[in-house]
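First chain A sits with chain B, and in the next complex the same chain sits with chain C.
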Partner chain A sequence: MSRTITIEPVTRIEGHARISLQLADTGEVEDARFHLTQFRGFEKFCEGRPYREMPALTARTCGICPVSHLLASNKACDDLLAVSIPPTAEKLRRVMNLAQLVQSHALSFFHLSSPDLLLGWDADPKSRNIFGVMQQQPELAKDGIRLRQIGQTIIEILGGKKIHPTWVVPGGVSEALSQDKRDAMQAMLPEALEIAKRTYATFKALLPKFKDEASHFGTLPTLFLSLVSETGQLEHCTGVLRVKDAKGRIIEDKVPPRDYRRLIGEAVEDFSYMKFPYYKPMGYPRGIYRVGPLARLNNADSCGTPYADVALAEFRTLQEESGPVASSFHYHYARLVEIIYAIERMQRILKEPDILDTRVRAHARGNRQEGIGVSEAPRGTLMHHYKIDENGLITWVDLIIATGHNNLAMNRSIKQVADAYVDGTQLNEGMLNRVEAVIRCYDPCLSCASHAYGKMPLVIELQDAQGEVIDRLVRD
Partner chain B sequence: MRPALVIGYGSPIRGDDAIGPLVADRLQQQQLPDGVRVEARHILTAELAAELAEVAQVIFLDAAVDLPPGELRIQPLAPDTSALSTMAHFHDPRELLAWCQGLYGRVPEAWLITAGGADFDYGHFHLSEAAEHAATRMIQSVLDMLALKNLG
Partner chain C sequence: MPLPKPQSNVHVVTLQIDGQDLSAREDETIIEVCREHGIPIPSLCYLDGLSIHGGCRLCLIELEEQNRLLAACSTRVAEGMRILTNTERLQRYRRTIVELLFAERNHVCSVCVSNGHCELQTLAQGCGVNHVHIPYRYQRYQVDSSHEMFRIDHNRCVLCTRCLRVCDEIEGAHTWDLMGRGSDCQVITDLARPWGDSSTCTSCGKCVQVCPTGALVKQGTSAGEMVKDQSFLPILARRRHH
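Now for the complex of A and B:
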């Protein structure tokens, strides 16, 4: 008799999801599915709104990565205006995006994943949480708080508020940077870099403990998609799309973001509200790809900043054979490299002489009826695509969210972890938490992916071949 | 140490859920005792723990679904590690206080003022009449609490 184990909700990720494992008579995992069970419908309720409201509206998709939506949405609006924004505005937007990257990656690493990494997957779930980390490694927990605080403070300095700033506008930014504000940001960055380097060293020292997990946590032969700069460097704000295959060969390069639809198709499955994007030339589901820090580092030729380039070289040694780093476990590593990069890059940009230039906004009316904006959110490539009518009102919206891109890979990763660790005849917290933990590697933001908002309890269900629930485990 | 921090939180696109940040915005227009800081937030996030460690008093402002529309409730808060949020996206204020206690060894005097809401639908940008009345009383309550603390 086959059975299904369901884990619901998955904890310590952003949003609301359920995992179900279908077991065969032998107890082996036959199938694994990641269900997104909430729906909010941002793409629908934005219809009829003026396009200039879109940045503010879509930023409300998420309380963790509003800056990412703000940037992608404003880039789509820039495209509707058919303007090229002033260079200083682009730099200022980039600083805000990098600050966002720092605070979001810090949340993922220090607060969501560190309980597993520091306390172990087999630790008592009552203490395998941030309070357990605080007791065992209070300085590391403080570092996490401080890094988030610095990222959020930079966002606040630039945007006027930490959450949902309105300073980024169609055509650029609404206000030039003052010297005082520049100095205040610069003053915090050395401390941030020290924390980032310290954390990177700590994590590297821990890595040998996780050999087993690294080989089973989504070690998949997938494609990788991300933005890169025109010269092939790590890029989060502008640039062109690149796709590499599982062997590391570039199969698409210098693709303008406006042409994303040539690369990406979106499939729908009846078990989840999250769509299943795929690389169109290879079809569904063969065209499975990953986005986010792992993909960005695999795709980039270099970071272009000193410490991050050393860390990138070390990152590449994680893969024993030549080719991209294949294990999704190493998203954690990639996040730490990106934090270092983001801080170094902010330091460099803030030193540039034109950063205080007062020409920061291009003014225009809507000059196109279709606009596309693509940026790299902390979790991966974020695409906003709008169509407007002659009055500037939205008639159609498509949002392809970082977490959505990784949907196929997350499902495959769960299956791989379940194969390695789940024995259906013996349920225990450690193995089930590993199934959850592979999802946390992707740091999914389900609020964004479904445009849903909710809390995250956890349920595991066991179903027989007829679909009857024969066992259930709930974590509040 | 800063005398007080007022944090109003909630979603500005879900009708009455916006009462916390709206009241915070309105408080910022008022004459407040020296050193009082007011923040309007969508959600409570982890780094606030560090700010709490540096104030004598914190007042959280939020909407409530378990109160009749327009009704106000004022309650003291204490650190509670069992109020652990299952998603780091959003923190219970008691959890933030527990973070503060655990990491920095102290917590401020803490209060939560909630107002019952009538309408929490998506894509709603205004307060209901009941919540609007509650907002006025919420502002007064905060001013009274700050004045009392100031006298003390």
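Now for the complex of A and C:
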């Protein structure tokens, strides 16, 4: 008798989703699916709007990573204008994107995932949240909150507000950086670096405890996609696309972002509102790939900053055989390496002599009718693709969100975790939490502005083939 | 109502506004006297230098001796008037009027080029509109971006007709007009041709500067960047009358 287990909603992620597990007669997991249950419709309702509204409009997709959308959208608009933005503007945009990376990664690691890592997968769900972490490890919780605050404060210093700043504009940025603001940012970064290094050391020490999870949490032979710089270094703002295969061989390199459609196709499934992007040359669903911190570190030759490069070398040792780090559990590790990198890179950029240059915007009108902007959001490669009419009004939009790239991998990861931990004859809380936790590794941004950590009600049901509930577990 | 021409021999009347004893020329309107004395009265269609439209009804005032509400922009002062400008009833009506404006079209401040510099937004904040209690219509209106320098987004138009009046009375082009009735009413250029095809538009930009919202804006502006300057209007209006 086949049965279905439904986990709804999935907690401590950004957005709303459901997981369903199909069990065979023997109680083994036959299939596992990750359902995105909310609908937004941005690609449709943006049609008819002036393209210059797109950065502000699409940034509303998300309250956690609006800067990422702001950046990708403005890059698409730069492409429509057919301009090269002033070098200082590019550096300032980069600082804001790195600050965004720090605050978002801090949110993912400290607020959403550290309860699992520090308190345990089987801990009481009532305290398995950031408040539980505050009680048991107050210093670490404080570090997390402070690190996120620093990231957000830098965004505010640059853009005027922490969430949904409009300072990045087509052609550059709207206002040059003042010396006072530069000094204020620089003053915070040494503390941020200390926190990042401290947390990295703590996590490394914890890692041996998670050997089992590391081998079952999405240890998949997939491709990896990310931006890298022209010289192959870690890159979040500009650069070219690189794809590596499951053995770590580069199969696509120096692909201009404008050519992304040669690499990526999009499939749809009737069980989710999320699209299923795939690597086109391999077809669907064989062309499964991952993006985000894990992919970026696997793809990059180096970080280019001192502490981050040391951490990257240690990261590479996580894989016993040669090749990329394959376990999605190590997204957490990669996030911490990227935080270190982001802080070091911001320190370096803010020291550059032309950072206070007042020429920060190129002015032009729409010179192309199609524009593509690609940047690295905290969760992975973000693509904005617009077409406009002769009057500059949007006629077509395609947004490929970082979480979408990981959709196939998330579905496979759930199956792998469920195979390892779910006993179809009896449900328990720890099993349920591990299935959710593998999703948290990817830090999916689904809505992306809605957050919940352990407070949302959770129902897991075991049903027989006739849909009759034979076991039920409720978390209030 | 056309702009009153300055007269040489006018009488002075005495009146009371919100308990304050004041005097004014008898050819002045209530809103003019209020503005002279720093008494705040909200308005959208009224603009110093343009003829009176009296359409937005936001400048409604009460007279102590009668129940009927009057528009301060189109009512001349009279001897012995006792005017109330900010009663609880007026505040309620003004909030409702602003809510109706928001519900009628698609004013999404956060992505608007006029965000932070919009008269409707300021008005809503001043009137205490923190929610819209009237169901939104969500009707989709067009954006005409065919003009080389300017753009009109009908979603953000409040039909104040400032653009019509400034184009007709100050620029003398009369490019703008109104078409349709009720909620289908909209401003048009020439005979509802795309603005970029208009043969009468001089591209002076006065309509853009007097527009209170993000309906008429300059091309090339991003969210929050459209700052308007209306200081030219009283100067030009005076010169037109002399």
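Assume the second predicted complex is superposed on the first by the 450 of 476 C-alpha atoms of A that agree within 3 Å, B and C clash if a C-alpha of one lies under 4 Å from a C-alpha of the other, contacts with A are read in each partner's own complex, and residues count from 1 in each chain.
Keep in mind that, in the parts below, contacts are C-beta pairs under 8 Å (C-beta built on N, C-alpha and C of every residue); 3 or more make two chains touch, one makes a residue touch a chain.
As the structure is a computational prediction, the values presented were derived from the model and not from experiment.
In the three-chain model built by superposing on chain A, chain B clashes with chain C. In the superposed model, A:362 lies in contact with neither chain B nor chain C. In the superposed pair of complexes, A:48 makes contact with chain C only, with no contact to chain B. Within the superposed three-chain model, A:57 lies in touch with chain B and with chain C [touch as defined at top].
With both structures placed on the common chain, the touch criterion links A:170 to chain C but leaves chain B unconnected. By the touch criterion defined above, A:251 lies against neither chain B nor chain C after alignment on the C-alpha atoms of chain A. Partner contacting the larger number of chain A residues, of chain B and chain C: B.
When the shared chain is aligned, chain C comes close enough to touch A:393, but chain B does not. By the document's definition of touching, neither partner reaches A:282: not chain B, not chain C.
Chain C is struck by only one stretch of chain B after the chain A overlay, and of the options 58-66, 76-84 or 130-138 that stretch is 130-138.
Touched by chain B in one complex and by chain C in the other are residues 57, 60, 164 of chain A. Taken together, the chain B residues at the contact with chain A in this complex read 11-13, 39-43, 45-47, 49-50, 81, 84-90, 98-99, 102-103, 122-123. Considering their complex, residues 9, 11-15, 40-41, 45, 57, 60, 62-64, 66, 103, 107, 111-112, 129-131, 134-135, 138, 141-142, 144-146, 148-149, 152, 161-164, 447, 453, 455-458, 475-476 of chain A touch chain B. Residues 110-111, 113, 115, 140, 142-146, 151, 153, 196, 219-225 of chain C are the ones that touch chain A when the two sit in their complex. Put simply, chain A touches chain C in their complex at residues 48-50, 52-53, 55-57, 60, 164, 166, 169-170, 174, 363, 365, 391-393.
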